[in-house]
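One structure, as structure tokens, below. Some questions next.
In this document, chain identifiers A, B, C and D correspond to the written order of the chains, with residue numbering beginning at 1 in each.
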């Protein structure tokens, strides 16, 4: 390893390292480097090897009511049917140079679908999911299996799965999409393919339950006909009813004196692939957190970044030096190694009906797969 | 997933998608997006979801004799001992905006060490290795174990291992370093720490064999005292004598009619972690290839990037649209999904002494860990 | 490997191999062997290395009505409370020399519990489960978590988990126990420990749902507070309602033209550990099969043995050379590599209400862990 | 689980449990059980669920000079060529009822081969190895690759690999075979198949090095042409020269103050599969131990059994209540959970030339695969 490069003066410095004395010979050397496409490390001011992650991304919050209003405007101004285009609008972290990236590895966008619209079938290596903060009426069709989308549902779609979708509702519907686009863009691992031009009547069906749920939607049971571990989850919908019940039970167990919550007053479930019990997608972790009314979480720093959306309730969030009051639909990012604390609003009573529910997704599976995960909890 | 975004008109287009009709309302919408830090996808010209990887990195060759001469100049102009600074010079891929990155995920640098120099102890999460194309006399000290470096040796150093080094030779020595700096920079996973100020006499020793080799350097044998799989390889040196013998035997087996080579006339060994038989480092694959005199390899395309250095012999390399004649020490990069063909020089006879030996390192373990690996061989 | 030993004449012969000519020298040799505790292979008539498994266990059926009657008699004759003793009665395969083994690796017993009885806390390395073919009222207490037992429920209990139980019902209750006692007896891997003398009031509670179900009973969701894979399943009850629904859906999907069943008319679910998607116990596989009315399964041979219990319906089963008509509660064994075919009774109509439901458990995870699994389906 | 069965009075008792009062009704009940092939647990005196493993196998030593003499006698009395039969003689543990089993899971036999003999090709699911305590001249042919056998060599042969062999020497040769025959016999997992009648000239070659060694015999290097993990090791010979050097280095490192040995004065290497770094065979662990002159090992108890052979030196071994002085070639067994202590003979000096070298094989991989491993070291 380039030991020289990582001296305090060099790679971890925020100010310029000492420079060799100028002169015609040094100038000639630098011209030589330039000609040969080389970078001498002693002129490289930067932060390639910092003492800990110093994220280019910055903590930021996007307000749902503003997003929603702009999406609605766009839905009417940008005509439907323009080659499949529709008012999809990505969060652009202010620290990432105007790119449509929420964090250096994650993409988050608000999707807005007008009645009757649909999209042609295609697939790509990027892993993706949808999370619905409000509304219903759209069916996403994954591997020809139509999956209804409703408030609180989490709908993963593993890389290279064929997908399309259609809006059978009479009203527009909005939701958020999460993908690993920035990470795959950096890795240069992306493939994309178009599918059939038209979808069959069967795929335009609007069943209340996907076939994937009928096969995989039973805790601890799997069809004998599908052996082994499958990289992308075969379960295409994780319904709010289950998520809510699981969180409710964790807090109830805590009240009864049993373990289950992450910390006092803080319940959390992770969406997992039933074929291996691991993260729902190979590159994306997704969770739902419930913070009991009037509770504050312990400060946490993690290597890796996350995006949160408030699903219900309200509270105050502190990320690094930033602090915001957040409410339903608001989205915020937690860059790598920035400290996070969440405080839910205190209700008049401490019933769970005043709890703060937060959907979260992040890049933790990538960090774990490569042995780069690190967490620090200040308790 | 943002289905709309990935229509042919949108994300995979090289030309701009159709735009909505201009007007004051659209202007207001765009100002709204800007204010709220949003990027409407229909104005995003780009290639976020291409049909296959289109690397920003370009195929390029760096000539060893030029590198070596510049390193030598720098060694004399940039004074020794400047806070540990020394003439380390990184390859800067012409497609990556002047950054010291060989590919979007890999760092490669020429290291040049003057007699008597040494570097203080430190560690970092970046995985690293050294490969020696010429010279000897330097001892790298990993986890307090001094490891001599000689021509043809491959010396891995897993992330978070303490390391330092010292040049006990009377002459300068040059080698190449490979690291996953660009990938960890993108992921924002880096940690760095300084060690003790001074190294003990024991660490300044110059044994001909490291302790790691004495414990782990026997094929198929492991010390019972170290159970299980260790993420970073405990073996700190892979000696040329073994590598050469293994390649020689593969070609001999081929001559005798047995399997062993990758394809006719093309032998290859991979450096592996003896505790799990997998890649020597969690994020970096390293291999040595030997192509028999007058042989041409089948064209290969892989998702993921590699850097090659000619260790011995000469030949012609074709990467995508580029073709170069290469000789000892020359370095070239193969960006993601660019086709590679190698043709070794035909000798007067077809003895292996005219073979082309190529050291290679790449990011394949990352692709495999995330299920993103893809290879296409045109046979 | 003892090549000589495995010639046709030797180890795979059913008749005696040729013998060396008798005489005083040979006699002396044999006396030498005996004295030194050696066995010369040429006198060993046997089947240590047969061409395929030739099970010592034989196919056999036990009739539920007989078992139930004997258990009932025993329940009254063998007084309650005799040091925790109760009328537990094990199936003894007629081929296994009177040992209480259903197959060479599996134990199956009928348990019969009188009202008010309970058992002290203890634990053992043997993996175990209970399956309830009729009745309710007993709570098993695993790791202090009381779990109600009802018809159709499957209740695993991983090795080394503390357990006890109590019958809160006013009537006796019977169920079957399955364990890996014979396998662990052969391996000599068994440990056993007593727990506390008395159980707390909390453990004598009779909740309708165990705490394990409240934490783990949601498909695709896991508590964030319990990371990683746990060897024994943390889910302590797999309820009939779910199992039945999953089987019903598989057959419905088949009717609609989609995959899901094992073969036409044959639905099957496997009970799995939600932390890794693998078998519910490290040494025991458990499944529920539903065979549509009037359907015959394809003949199957598997390395490894299984025990089946008819849960509902009736039909005809053929195992090797044996054939029986079976009905609710009947138990039968399928020894290693014996061909199995099942034919469900044809109903007046082909509604699923006439389907044959079969609970099955076997030693497949052991075979898979050691790479010894082999299946042959005659389609 | 059959809680009732495992009360102190019942399954873990060494004396008979209390019995119900006799009478005609009880007699009738017992006749019913017998008729229905059932075993009431309260009459079962036994040790199915003991507090810890109580091995049926007993500690025992077999003396090499006696084995060797009997094998030699047999070699002359039992004519060569009797259908492939040859004087193979298995260790029969005195606790296992005369069966040719060294322990409940392991088979060990002395093989004795006369000049010119050879055996036809075949394969079986049983995993096997040979270990050579003296002599040379035989080539074992595994998957058509001839492998020479010499003193100190360990030669594994994974299940289902084709094998044959031939003695090219002018003198008889003896060695030991180890297999998992008893375990596979209990599991009923065995398959066996004959190969070609005659072996080709190529397979009758007598190279000094197998092809497997030429491909896989380099520490930390693997042929790129063979990807992934292979269940049975592809390396067919582990040579004494390497084993000896690795042990020597461990003790030298200890002398220099570095880790490496298992405990003071006790070096040990494990033979492993280079494709995964794990045990050389899926069901058998094999190791070589060197105990410095005058050293005593810490008492160890392990779940699972082992067979040891003294390779060199002499010493005293204590297994459970048994103690023997052992010397070159002597074999002894350590049954499950029996305490083992080894004391090497004190030499006139403490040079390694007086060390005690012990070859060991055991069933640990089975225990680990099933999560049943347990070790207790009394330090």
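Note that a contact is a pair of C-beta atoms (placed from the backbone, for glycine too) under 8 Å apart; a residue touches a chain by one contact, two chains touch by 3 or more.
Everything quoted here is computed from the prediction, not taken from an experiment.
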{"item": "Most widely separated chain from chain A, with each centre as the mean of CA atoms", "value": "D"}
{"item": "Intercentroid distance (Cα basis), chain B paired with chain A, Å", "value": "30"}
{"item": "Rounded Å distance, chain A centre to chain C centre (Cα mean)", "value": "43"}
{"item": "Centre-to-centre distance between chain C and chain B (centres being mean Cα positions), rounded to whole Å", "value": "52"}
{"item": "Chain C: positions in contact with at least two other chains", "value": "none"}
{"item": "Contacting chain pairs - touch in the sense defined above", "value": "A-B, A-C, B-D, C-D"}
{"item": "Partner chain B, residues of chain D touching it in the complex", "value": "211, 214-225, 229, 233, 235, 238, 242-243, 245-246, 249-250, 252-253, 258-262, 268-277, 280, 287, 289"}
{"item": "Touch list for chain C against partner chain D, complex", "value": "1-12, 17-18, 20, 25-26, 29, 32-33, 36-42, 44, 48-57, 60, 62-63, 66-67, 70, 73-74, 77-79, 82-94, 98-100, 104-105, 109, 111, 119-120, 122, 124-126, 128-130, 157, 159, 163-165, 177, 179, 181, 183-194, 231, 282-283, 303-305, 335-337, 363, 366-367, 369-372, 374"}
